[in-house]
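Heads up, the next two complexes both have subunit A, just with different partners, subunit B and then subunit C.
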Partner chain A sequence: MNLKNLPAKKTMKLLALLLTSLLIASVSAFTYYSLTISSTITVYAANVYFIEGTDNNTGPGPVILTLDSTNTTATITGLVAYKNASLTYTNVTLVYNNGGSASQLRLAPYTDPSTNPEDFVYVKFLLNATTAGDRRWLNYTSDGSSWTSPGSATSWTTTGLGASAMWPVVIMTKANATATASQTVDIAITVDVQ
Partner chain B sequence: MIKYRREFRRIYRSIWGALALLILLGFLLQNVAGSVYYSLLMESSMAVSSAPVELQAGTAGTSTIYTNGTSALVSLGNDVIDYVDNNTSDVDNSTDVGTHSNFTAQQYGLDSINDTLTEENNPANDTIWLYINADDETRTDWTRVGTNPYLDAIDYPTNFVNASGNNLQVGDFNFTDSGKSTETIDSVTVQIYGQQSNSKDLEVFVWNGSAWISLGVQTLTTSWRWENYTATTILDTWTKIDGAKIYLVSKSAAGTFEVDCARLQVDYTNPNYELDLEVQWTTVDYDESNEFLCIYGGTMGAENITVDVWNGTGWENVRSDLNSGWNNVSVSSYLDSSNFTIRFKGDIETFDNATQDTWDIDATLLHVWTEAGSGSGDFNYVLNMTEKHNSNWKVRLKAYDNSSLSRLDNCSIYIYNGSNSTQIIILNGAYNQQTGPWIDLNASDTEYTWMHVETSSTGTSYVYAYLEIRVPNSTVYARYIITFKIT
Partner chain C sequence: MASALLPEFFALLGIDLFLMLSLLTCLLDDRMPKALPYIYQMAALAGFGHILVSKNFFTVFGDYMRFWYCFIYLLVSLANIVAVNVYFGVVNKQWTIAKFWSGAVTFPSILISIFFVANYGFLQGMSFPLFLQIALVLSAIIMGTSIAIFLSPEVLRNRSGRKRR
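Entry: the complex of A and B
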């Protein structure tokens, strides 16, 4: 009996061919998608950037927001921290998506605080997404003698900042009850966009 | 058949190869995707500043304002547990009697760690006289007048004995039993009440249980009086004392011997277990509606332990005994100053020679309280807030947590700034309004908070609230924590 003549032999060959085809198709698709993303980054200006919030130039302080020409760097001055009381800046600046599709965001530490830990209790940054599941916190806390900074970036949002949507970056401060007035601390973070 | 197997092997190899390639490409794709992002930089700088509004204590209830006036505890009604402070007082100028094993244990608990109060033995010296109660009349040299036992009392000339002549004996006379066995014997003396017309000697012999021992001679005077014959070393036990008997011997032929009475004088020391321990509070809250002394007893001695309260001039009893467990008694009528003193005292303090009692005390405290809802229920000016930055603000109260709300029939918190603004309402144990409306707090203004409270039962409820202070036309706001404690 010749096994080559059996129907099963043909079926096996066909199955192997089919799997190989699927494999080639899959690999081709992934490769194409990756190249497309790279080209977007290099060619176009950022679609997601900072915009001014309603709390800009309001007291106490007052808080002043300065944006660079591309709105990709926000400098906030005039923030204050009250002794033994929390102070929340709800809407100094927002992250705005000017693109046509959703972008995933995360907060990441950039320059950690290094001065006056005895004067502060915490400085917290909240990416205040519309949906609770996309909100991200970056907390800097002091035990009175040293600062504790986040060791890494937050996780990426899951739903993301939709087209034409905007999320405020909330800032919360609190000074130590025995803090010295006018003592300062500087912190820089990044809002990463994917 | 071999060829058939070989073809299958090829198929398997192809499948495994394809899968491996897919996995490797999957990793590659993920890495590429994760690295594609850009960053927006946010630089921020902040400075410490004084808070714009300062909390200040009101005139109703009790407010504790914390550092910087940015948080507060408002207490309506009061509920204080005050453990005893010391055991060193001496308000009655009477030294403590007895001991504490661990006074600190009374200052904490309940924790089953006890301070054991132990009676102290303060021996009491005493004297007993055992009179003649029998005369066996075995020695008959003397004349007996009256009735047996002749020498049991000073009753001359009704009952007595007399003799004229030398070496005449009379006896034997027995003494009443002492009824004692444990007391320490200090001295024993045979006492003879007699006289001798010529002042001559009388010798006394005593029976020590096994032999007659001479106690020597004493010279009787010409008038009646007691003569002492020391027998301490001979009758050195209560058994010997109770078995003692004597006979008398005249030691002169001149004159007449007359004896009217005889007795044993026994000086002894009696154990006496006493307890008298003061304990004191020094900073008592003494103006509450309810004021109770609470003592938690553990294992208690058989003897009652009493508790007295110092009223400024003397002790007044408030407990005739303490039981195991809580012993609570109102002391409102005595608690009228910041110092409060009690004493633990044994119930039997005289001739308490049975047992050295002990009593375990786990905790001793004063529980004083006033219920907020028991009066009119209105507490004006419980807390003030004063603007300090010369700016205008919006303020409101927002309850964010609580405990034991169920006993609050009505707890309403208002801010008054010329008119009442109802901020928080709790009705029948539930929030009716948890966040108040924003109201103006203008530059340099002072506004105050007042409350209405009605409670359905005793206890302590807490309402934790934020005082939110917002910049007008802005969403920037500060939060102060205010705790409302309602007893």
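Entry: the complex of A and C
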């Protein structure tokens, strides 16, 4: 078959089919490509993470802050609660925004306290935002027989943690006047970011 | 890291095969039904519909379902290639074109499809046992030579004639 000798009608038909084939093939390939993009998830470091505060390794405990390799989990040990007196840790750890824009934060309960309610009065967490309207509290209180935990997360901040800004997580403790020494309680909370 | 094939790749392959069929049957339209190129274009469009459905129901359909409806579409396109081959060889008795078709279209299309299906299975963590690989290569060789002999009866005739002499 010699393509040069094809009749004009057949050439036109072939050309039309070729054009529609190119169209279908390229649109299909583009749709497939968009499918591959939609199913690709890239691993990326978190922009908002914990950093060490000035209260770390100080106090009667002393307070020890341990950050994981990605700085997204902070474990604080050595916190103390005085009998019938409140104690405030203002700067054990801070939440830092390494991103280029503001992020909204909130506090949420993760593991509620369950032990020794007779020894404690409260343990409170405050996300100490620069703007008063963005401050969020998560309070765990005890009536001497059982703990009362926050049932849900706080509302999201409105102004948010700006780029390169940092907010301390303040922790307030108070033990019962009749508390037994060396009794402990474990609490876990999350700082949600959006 | 190599990116994994999505099941929709088989639909894409099937679309390309249908488009190729459409153009080739257009070139050979004096030996084929006139409507065939347009039917194959429609079939390719249906394949595009497959991919669109997958895109819109990406999270609803599981991998298993997406694989099977795309794979069946590819099988349909391969079946059409084989059917055209058989049409040339058996119905039209045009051995030369049938031979050309089996060597240039049928055989490569089937091998390419097998390659991608095996590759997909490998990326999905399926083992591809050695005996199956050997069986695949053997069956491909046997299929290729069988089609060539089937479509070139004179080869067999010459061979048997030589033996008789």
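We take it that the second predicted complex is superposed on the first by the 151 of 194 C-alpha atoms of A that agree within 3 Å, B and C clash if a C-alpha of one lies under 4 Å from a C-alpha of the other, contacts with A are read in each partner's own complex, and residues count from 1 in each chain.
As a convention for this text, a contact is a pair of C-beta atoms (placed from the backbone, for glycine too) under 8 Å apart; a residue touches a chain by one contact, two chains touch by 3 or more.
Predicted, not measured: the structure shown is a model, and the values here were computed from it.
Enquirer: Of the two partners subunit B and subunit C, indicate the one touching more residues belonging to subunit A.
Expert: Looking at subunit A, the partner in contact with more of its residues is B.
Enquirer: Have a look at where A:Leu87 lands relative to subunit B and subunit C in the superposition and call it first, second, both or neither.
Expert: After superposition on chain A, A:Leu87 lies in contact with subunit B alone.
Enquirer: Is A:Ala163 in contact with subunit B, with subunit C, with both, or with neither (first, second, both, neither)?
Expert: In the superposition, A:Ala163 contacts neither subunit B nor subunit C.
Enquirer: Take the contacts of subunit A with subunit B and those with subunit C, and give the residues found in both.
Expert: 20, 27, 31, 34, 38
Enquirer: Quick check on the complex: what are the subunit A residues that touch subunit B?
Expert: 3-4, 6, 9, 12, 15-16, 19-20, 22-23, 26-27, 30-31, 33-34, 37-38, 41, 46, 48-50, 54-55, 58-60, 63, 72-77, 79-91, 93, 95, 108, 110-111, 116, 119-120, 123, 125, 169, 171, 173, 175, 177-194
Enquirer: Could you list, by residue number, the parts of subunit B that touch subunit A in their complex?
Expert: Per the stated touch rule, the residues are 1, 3-4, 7-8, 10-11, 14-15, 18, 21-22, 25-26, 28-29, 32-33, 36-52, 66-68, 70-71, 389, 391, 471, 473-480.
Enquirer: Name, in rising order, each residue of subunit A that touches subunit C in their complex.
Expert: For subunit A paired with subunit C, touching residues are 1, 10, 13-14, 17-18, 20-21, 24-25, 27-29, 31-32, 34-36, 38-40.
Enquirer: Which residues of subunit C touch subunit A in their complex?
Expert: Interface residues on the subunit C side: 3, 6, 8-9, 11-12, 15-16, 19, 22-23, 26-29, 37, 41, 44-45, 47-48, 51-52, 54-55, 58.
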